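Each in structure tokens, the structures are laid out below.
Across the two complexes that follow, chain A remains constant while its partner is chain B and subsequently chain C.
Let's turn to the complex of A and B:
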């Protein structure tokens, strides 16, 4: 049988990321801040803290906590999104917070909170991944002690092809075996999966191919994150 | 707000000699930068920086039933939020009074100046009209977010174009755009806020100055045939403004309008040209 998905709508190779933008220090008020973009998907993140957590009864005397908020701006999408939290944004805030908490050495900050704010300015799929990448950079820039870095990418399966960094047009693929969208976050050194969400339909036997694609992509993303943390302003969209 | 008293005293004593901590004169604005290109999915966007203060604004359009008392006129809703990104003091939850006030004052400046030709936003009288939604987000607060928000809203409106509209099915084709700009007039509103600190007045406060301020007057001004016209005003804070101070504010507002609006206008027109 021939595949219905032979090339990607934006002509990328199956394992190719979109043009990346990465920059740190974009919000002067914040302790750490960053922008990360996969092509048309643009996220910014700001970190405030660690700081004492109020009310005090919420404090954990053993370790700090990460309070993550993911929000899409109303004009980031084609049909205006109602501002404020909803079920989707609350879930993403939680999984993103967990992905980040797994790499921060929270035992060093007992009784404190680290606020991580993620805003999606412009959306074309993979917004949570772009947000986590920006947030991880913002945490590192804030000087929060991290055990290792974390990077995030969406891996898709369109018909029978595994692709990296999914766009909206691909998410909606219906032919052949249909579309699967998998959001991964992976740590830089120990290669642990710290966030995983899957929607779609994929053979158990092919799932590990997606994990391998995520590992390769996260290593590339990690390089961009580190370069931006060293002060480089990366913008591949201008080419 | 939480400004240490010592800082406030310092600000007040400097202002008595017409000086400010950052070296500016009392009615001098910081550098204003204007950009666009925040979201390709919006009908219009802008980014305005006044010093370190930064707001981003998006305009989205849709259609709705008109209000019964304005059957052939389009509608507009302005929202403003201090994103939690903007600073430590902002917490999650519904918009607080300060952001509601900014949205309402910006909205009134645009509405009352007759900057928008509402009748040209009518699709079918009594049945369907265009609605404009302006969303303002502050992402870094270093004072004077009110003025930055107002500039941003006006720029985003001027850069906006209509989405495509399917007449047969009476539906907006979201994500597809025409080249048609919004029906705007020459009455471009410009909003300025003057703050009273102790016995002194100043414009464009940074965060410390704004925290030290006792009260404020915001004016939205547009140009009429010969004179400058005030379209909206708002007094904030508890401490009163004397008649002499009000006179000074009007005098200074005309000067700020001539200088700063001119500069904003030049930058906006360059942006529109390079679109």
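Let's turn to the complex of A and C:
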């Protein structure tokens, strides 16, 4: 059987990321902030806190909480996105918060909240991954005590090919076995998966290949995160 | 009424090597090293728990924070805004993870118990000292020289980790600004700075402080600030 997916629409290699943009400290008012972009997918994140949590009934006397807010700006997609929370953004807020909470030392300030705001400026698939990457950088920059970093990437299976960093056109692939899109978030040191969402179908052994591809890609992304946190402005998009 | 801040500041010229680390980064490897502030040991590796400057002094490895919220410590002089007035004191927002409490008993002057809002009410700004840090907040006192309500002037906020730079060695930097702008300046260790003088002086002092914050790692900072203050006269 020959594959229907032989070349990626944007001519990337199967394991190649889109040009990355990464920068920290973009929002002076926030305790920590960052921008992260996979090509045309641009996300910014701002972190505020730890600060007192109100309403008080949400407080946890043993630990602080992370309150994550993910939203797409109206102009981030071709057809205007209605602003405000919706079912999709609420779900992504929750998974992004959980993906980050597992590395943060929340027991340090009980009864407090760390606000993480993720905004998508421009979307071309993998928005949650770009958002989590930006949020992890913003958290680190905000001086939050955390064990390690989190990097996130989407891995796709287009017909029978495993590809890294999926774009919208690939997400909509319908020929052959169709498209599968898996969003991974992985910790930088212990390589643990803190978030995984699978959309579509995949065979067990192919899934293990996808995990391996995610690990390799997350290591590359982590490298960008380190460089951006150390003050570098990374912009591979203009060449 | 000016509070002098006499925290001893480590100078950049010191021969201790510092490097910027991010969470999860290995700082040093070896059995001899001991993990200090914000670091942990995993096998032979000393790993960072926080974004900041890693410093190896002798066997101990620690991280000096350069960002993040203010963490109250006993003895800190802080500036805060009254958040709420209760029957026996004031809740003060000092910008940290918790708001702090100033009990009526810690206020040295006479205050009518039936109307404590008369002395300070919501929105008023006070300079106070932290005398106790406990789980879920800090307790403040006004029983020290130079503490009390701040009236008039303007309040600015900077990164609390830059406060030592703004003050300078034994207050050299802040005194320089005070003299040049003829402005009263009170620096809270929580990053709030209160300025009072004529509007021109306040403006200039504020700009000078922002300059220090922006260029806090540059060498010859005092000269730069001197030039800035002199050049604008």
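Going forward, the second predicted complex is superposed on the first by the 239 of 239 C-alpha atoms of A that agree within 3 Å, B and C clash if a C-alpha of one lies under 4 Å from a C-alpha of the other, contacts with A are read in each partner's own complex, and residues count from 1 in each chain.
Convention: a residue touches a chain if its C-beta (ideal position, glycine included) is under 8 Å from a C-beta of that chain, and two chains touch if they have at least 3 such contacts.
Just so we're clear, the structure is a prediction, and the values are computed from it rather than from any experiment.
Colleague: Looking at A:46, would you say it contacts chain B, chain C, both, or neither? Reply first, second, both or neither.
Modeller: first
Colleague: Contact-wise, after the overlay, does A:123 reach chain B, chain C, both or neither (first, second, both, neither)?
Modeller: A:123 contacts chain B only, not chain C.
Colleague: Looking at the overlay, does A:115 come into contact with chain B only (first), chain C only (second), both, or neither?
Modeller: first
Colleague: Mind working out whether A:34 is in touch with chain B, chain C, both or neither, as first, second, both or neither?
Modeller: The answer is neither, since A:34 touches no partner chain.
Colleague: Using the superposition on chain A described above, determine whether A:69 touches chain B (first), chain C (second), both, or neither.
Modeller: In the superposition, A:69 touches chain B alone.
Colleague: Quick check on the superposed pair: does A:80 touch chain B, chain C, both, or neither? Answer first, second, both or neither.
Modeller: first
Colleague: Is A:155 contacted by the first partner chain B, the second partner chain C, both or neither?
Modeller: In the superposed model, A:155 contacts neither chain B nor chain C.
Colleague: Go through chain A and flag every residue that touches chain B in one model and chain C in the other.
Modeller: The answer is residues 51 of chain A.
Colleague: Can you check the complex and tell me which residues of chain A touch chain B?
Modeller: Touching chain B from chain A are residues 27-30, 33, 40, 42, 44-46, 48, 51, 69, 71, 73-80, 83-85, 115, 117, 119, 121-123.
Colleague: Contact residues on chain B for chain A in the complex?
Modeller: Interface residues on the chain B side: 38-42, 45, 52, 54, 56, 58-60, 62, 79, 81, 83-88, 92, 94, 133, 135, 137, 139-142, 174-175.
Colleague: So in the complex, which bits of chain A are touching chain C?
Modeller: 31-32, 49-52, 64, 103, 105, 109-112, 140-149, 187-189, 225-226, 229-231
Colleague: Residue numbers of chain C touching chain A in their complex, please.
Modeller: Within the complex, chain C contacts chain A at residues 20, 22-25, 38, 40, 47, 49-52, 65-69, 97-99, 135-136.
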